[in-house]
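Per-chain residue numbering starts at 1, and chain names A, B and C are given in the order in which the chains are listed.
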Amino acid sequence: MKRVISELLFLAIVTTLPINAARAQRPAAPETLIRNATVLTVTRGTLQNTDVLLRNGKIAAIGKNLNASANARVIDGTGKYVMPGIIDCHSHSMLDTINEGTLAVTSMVRTEDMLNPTDVDLYRELAGGVTTLNLLHGSANPIGGLNTVVKIKYGRPAGEFLFPGAMPGIKFALGENVKRSSQPNQPGVTRRYPNTRMGVEEVIRDAFTRARDYKRAWDEYREASKREKNLIPPRRDLQLEPLVEILEGKRYVHAHCYIASEILMLISLADEFGFKIKTFQHVLEGYKVAKEIAAHGAGASIFADSWGYKIEAYDAIPYNAAIMTRAGVVVSMNSDSDERARRLNIEAAKAMHWGDLTEEQALKLVTLNPAIQLGIQERVGSIDVGKDADIAIWNGHPFSVYSRVDTTFVDGEVFFDREKDLARRPELAKERAALEQAEPNRPRTQGPSPQTPRRRPSKHEDDDMEVEKP
Amino acid sequence: MRTLLVLVICATSLFAQQIGNPTTQDGVTPPRGTIAIRNAKIVTVSGPDIERGTIVIRDGKIEAVGANVSVPAGAQTIDGAGLSVYPGMIDAGTNMGLVEVPQGANGTVDLSEVGDLNPNAKAIIAVNPHSAHIAVTRVEGITSTLTAPTGGLISGQAALINLLGTAPKEMAVVPQVALVINYPRLGGGGGGFGGFQQPANLADTLTANERQVDQIRKMLRDAEAYGRAQDAYAKDKSLPRPDRNVVLEPLVPYVRGQQPVIFRADREAEIRGALRFADEMKLKPIILGGNDAWKVVNLLKEKNVPVILTGVFSLPQREDDAYDSLYENAAKLQQAGVRFCISTGDAGPEVRNLAQYAGMAAAFGLSKADAVKAVTLYPAQILNVADRLGSIEVGKMANLVVTDGDLLEIRTRIRYLLIDGRSVVLSSRHTELNDAFKNRK
Amino acid sequence: MPKIRSRLVVASALLFLFAGASNAQRSAIDTYAITNARIVTVSGPVIERGTVVIRNGLIAAAGANVTAPSDARVIDGTGLTVYPGLIDSYTNLALPEAAPSPSPGGGGGGGFFLLQQQQRPAAGPNSTQPVGLQPEVMVEDVIRPGGNEIESSRNIGITTALTSPRSGIWMGQSALINLAGESPQQMIVRSPVAMHVGFTPLRTGQYPGSLLGVFAALRQMMLDAQRYRDSLQVYERAPRGTRRPETDRSLAALIPVIDGRMPVVMLANSEREISRALDLGAEFKLKLIIAGGREADRVADRLAKQNVPVLLSLNLPRRTTAALPEADPEPLRVLRERVEAQQTAAKLAKAGVRFAFQSGSMNNISELLGNARTTIENGLQVADAVRAFTIWPSQILGVQDQLGSIEVGKIANLTVTRGDLFDRNSRVTNVFIDGRPVDLRPAAAGGPGAGRSSVSGTWTVNIKLEGQADQSITLTLQQEGERLSGSISGPLGAGEISNASASNTGEVRFTVSVNVEGQTKEATFTGRLANNEIRGNVAIVGSAPGTFTATRSGQPN
């Protein structure tokens, strides 16, 4: 249902162009002028009765009475709010698989291999004003797989989603999930190490020790091979290479964690090995150790108010964002759920309700702060001239529960438009009726019964958060 | 081995201590008295808003409401200038107080009995008044919840409780407010905890479901016969005295259509099946869930069956459903004249966000006034307690929320809270943890 | 004539005794001429009326002015059309039955992968790698001649097939076989042809247990193979003073792959699966071939640009189920996919992507040509459809000098039809493989599943567990080829069966969760179908073993 006409058009184009070429040759986004809107810049406050000009995929100008070229699309923004596209710093959308759970260290796996650009939840997220996702590996391992930062270019091939210049990252995880607390012992099956938070530390320490040795072995080889010819190089190890990048500061660590002790554990381990944790993810007890997190220079990417769904989430409080923000931590609000991702504006507003953050501080939780956490703050996260035209137009203040998104732009192109969505519904119904008559789609008179509909697979990395509805 | 066992027990008991409710009011229910809220905007819900008025509360009840009501002598007064008073919100689809931590602390889970047919399982028996969830929820303006057991085919009887009290008895508004039937699902897993695994193909699922419906049918028929036999004996003692049966006895008012039966049903075919079954058995049905209710509006209207919508914040049921199909479900029911209310459908932790569920429905077509009703008056009507709850009217229970703005807006704060005419301190496990850590240097 | 017959007997006997060395013996009687036939040479123009001469297993002559040699057996081809023998470019023909998978399915890539999951790959002895990651496995080691499936394929005019390992990640190396011959040696045209990559995670609890891990494991092994190759070179240059690299058959098998000498066939159907394969191929500069290719048209230009051919499955998706009012409507995406899959071939041809047709594990091979006709109705040129069964697969698989067209010197694999190959009413009248006619059975013989007893239907299962009263449950089974699905219901609970399989010898196996004394346990049923009963053993985790007997209580719906 959600296949936009632009997608169909696009398919016609893309089938004739290889991905990279397509990116290069795709015609620039049409120029758009939004007139007389309330603009939530994030960096420079709220601007009333202001125009925003989108040109060549960038925010070209912000101000009063702006001029656009003759063929520009002009949108009357009277009564509307323009907000930067929301950035979700913890998502598993569009991933065909999120966990490689067989090993405790899976730094060799890459979420980039798993992208499914046709995931309809992407469209639903666009309809919530979201434009960028940090796609993370699941939380089955102390050291998990590599992340992928994407712009939601729903309808395009996977290659076009990749956020150019985003810092490479990796998922770590601590606590109940990596201990496999919710998995019962199977008779005759050896439990995977680790089984305790002690073992979690041990696994990470061991991995970084090996990574150091690995780096040393290569350095020595490179040195020695200048003098000697017949040397066999060390084995290239895809598991250790990302860890070397972390040690060299070239890869961001996004560490899933819950309780205060494990947060402190990872900080001290990272300090010992000389690397930084870029974000603690979830970090439900971050408020207890906010100053230590701030001192390490780590960010925190949290839920607004989820709590109580398991033991390690029992001390979570909705004041977490406020306490950490005041302690100097860069905080973002994430979804970890295709459902919640659709209403991150509400999640951000909760930090005003609980903990008295200012509107600007709360806005940053889903815009500039996650951009900083992903190393893309020069491109997105605020409405500033020169930044990517990733924005959403809302029919009211995005922190009002009564507001919804009218239009979402990515790189200046419209990827969601409510009016077009409504207009397309009868067309899709017609298409369905026609397709159902096509020979390969007709039910068989002698065929077996259709399948029992399956529960939509939960895309929570913490499956256990899906508390059963009564 | 023994040491291990001892360790486990120690650990468990330590834990049990940890997860109490450290509010200052723990164990003490605040007193009633005479309270007046003055100069406030009063959103009565049942009638027009009063822009500036007074509410007088005495002995737990609303004694007077109006623009020109005077404050009785000796009343405790709340200055409502710049504030708004709403009836407390009601979430008609929770497991509040039946589960503290669903994962990893099985000892705190009292949701689902063993076996498929448990009409005698009563939520009110197991509700934990000291659950941290209760204070966490009420300080956001939710004053009452329907709390329901889960699992099996007949899950048990739900209670309507106020979120205040030292004992379940004090909390109960209606101790047994509805029977909960887990109408067999057509997909999307079984009925929660202890649900059934389903066959792979739909024809087999339908057959299996029919067998399960048969089990329910048989028990309800038994209860009907049981009730008749008891009545007959009461009138004519010459008949043989029928034995009492604790399982069938609680079913009698439900099979006689005197009390409502809640059917969990989301898919169109499930809703239709539940309505057919309710017709056949002459029950008084309520649909809980109702994700596909927008597809069944005519039938729901015709049968005058209300729906407790729990899926406002669920992803659309099917890949091809419109992105807003569940956001606008409520508006579609409203337009069609189907009775409904909005619930979080949550076990406990998320119930405090009820206002946002209603607000989102208002962002997609429901009027703001109806959105407020959907979490106040409508649930009260559906649960037959509109004479006591759901609006600000003289004689109703004084469950009141005083806010600094629109009840459903995220940024709005609750300033005062009254439940059953008792003024409640706005603290919870969360505010106390906040207080303990916010100034840590 | 009597003389010929006696020589034939002698020849057959010799053939039997010295299977490998029999070619010379049969030359004299293996001369055939098909006269007055329409000849679709594929490599050149169609000869409207001409003769094809076959001698010594090869095409000796073909043309309008060719006359039948005097020693030839003459077949009057009036009204017949001679095509090069058809090539099915992706099959599991001539391979042993798959053993049931030891562990749960699920996950993985598209439907094609799921299909493969039920099957255990062959194992390489002394491998350094777990089963499923053994590129050294070669199907030529396990090829077995004969069988219903080969015969069914021949009946519709297929003379040659690429046969590839059934499953795995590094699945192993395929062989191109002619579908006649008494020994593997006689059948093999070329081996190995290609390395095969499936993306099915290991289901043993070992790494890689997910598609994420599969890609990482593929990359790591290719890197390891590069180092192995380099180490061997270093060692060869300077054995003295260099530590001897350990021999590794798995890595050795990958060296021709990473050197771009051996093509790699990757199973990929959806747009994203194909894109991933293309990315991996480009990353390691592989000589890539896509197999499956249902949505290949969506990446046609990348395929053309990277010069990656497609072994396009003619197992066209279609709805298999009946209507049921309670069912959800099928997703628009699925409805579109089924319709669009019929157009893929035409779009690939138009975009200049090389492709060859394959049967894609279809249940009933007799639908193959009908499905090809569907692609023609959706825009594919008839001549291209013929090419996709003949010259194109021969080029893609590197046997264009031996097969794929009617040219002098090529292997005499010929398919003779009455009526055009793709006509609804055409009939295969003669098939020559390696210059010899093969017996054709009436088309009614059906597909590979035909003749097999099916266990589909409803069964009443009586279970005897030691020390317990007998239990009776209802079992519903649905068999499609070796795939088995179904469910149980009754006093042990209701649930779906998993890890289920039914072999063509009647062995049935499945696992299901049962409820025993209030606990959910795994029960594994293994039994054999005989006389309309399934008898066998049931093993329940943590309980004493038991036996079961299933009797039919209903036929499949």
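The rule is short, and it goes like this: a contact is a pair of C-beta atoms (placed from the backbone, for glycine too) under 8 Å apart; a residue touches a chain by one contact, two chains touch by 3 or more.
Since this is a predicted model, take the numbers as computed values, not measurements.
Peer 1: Select, from A-C and B-C, the pair of chains that is joined by more C-beta pairs in contact.
Peer 2: Counting C-beta pairs in contact, A-C comes out ahead.
Peer 1: From the Cα centroids, identify the chain that ends up most central relative to all protein Cα atoms.
Peer 2: A
Peer 1: Just how far, in Å, is the C-alpha centre of chain B from the one of chain A?
Peer 2: Computed value for the inter-centroid distance: 34 Å.
Peer 1: Roughly how far is chain A from chain C, centre to centre by C-alpha average, rounded to an integer in Å?
Peer 2: Chain A and chain C have C-alpha centres separated by 41 Å.
Peer 1: So the centre of each chain is just the mean of its C-alpha atoms; given that, what is the distance between chain B and chain C in Å?
Peer 2: Here the centre of chain C sits 57 Å away from the centre of chain B.
Peer 1: Tell me, which residues of chain A touch at least two other chains?
Peer 2: Residue numbers touching two or more other chains: 1, 428, 432, 448-451, 453.
Peer 1: Got the chain B residues that touch at least 2 other chains?
Peer 2: Correct list: 186-187, 198-204, 319-320.
Peer 1: Can you list the residues of chain C that touch 2 or more other chains?
Peer 2: Where chain C meets two or more other chains at a single residue, that happens at 324, 327-329, 332-333, 478, 557.
Peer 1: Would you mind writing out the residues of chain B in touch with chain A in their complex?
Peer 2: Going through chain B, the ones touching chain A are 15, 18-19, 93-95, 100-105, 132-133, 148, 150, 180, 186-189, 192-193, 198-205, 264, 267, 288-289, 310, 313-316, 319-324, 345-350, 352-353, 355-356, 359-360, 362-364, 368, 408-413, 429-430, 433-434, 437-438, 440-441.
Peer 1: Across the complex, what residues on chain B touch chain C?
Peer 2: Chain B residues touching chain C: 114, 186-187, 196-204, 206, 208, 211, 269, 318-320.
Peer 1: Of all residues in chain C, which touch chain B in the complex?
Peer 2: 324-329, 331-333, 476, 478, 485-487, 489, 493-496, 513, 518, 557
Peer 1: Okay, in this complex, where on chain A does chain C touch?
Peer 2: 1, 3, 11, 14-19, 96-103, 106, 108-111, 113-118, 137, 145, 157-159, 187, 189, 230-233, 235-239, 428, 431-432, 435-436, 438-451, 453
Peer 1: State the interface residues of chain C toward chain A in the complex, per the touch definition above.
Peer 2: 107, 109, 205-213, 215-216, 219-220, 223-224, 227, 230-231, 234-235, 237-238, 241-243, 245, 271-272, 275-276, 297-302, 305, 316-324, 327-330, 332-333, 335-336, 338-339, 341-342, 347, 351, 478, 541-542, 556-557
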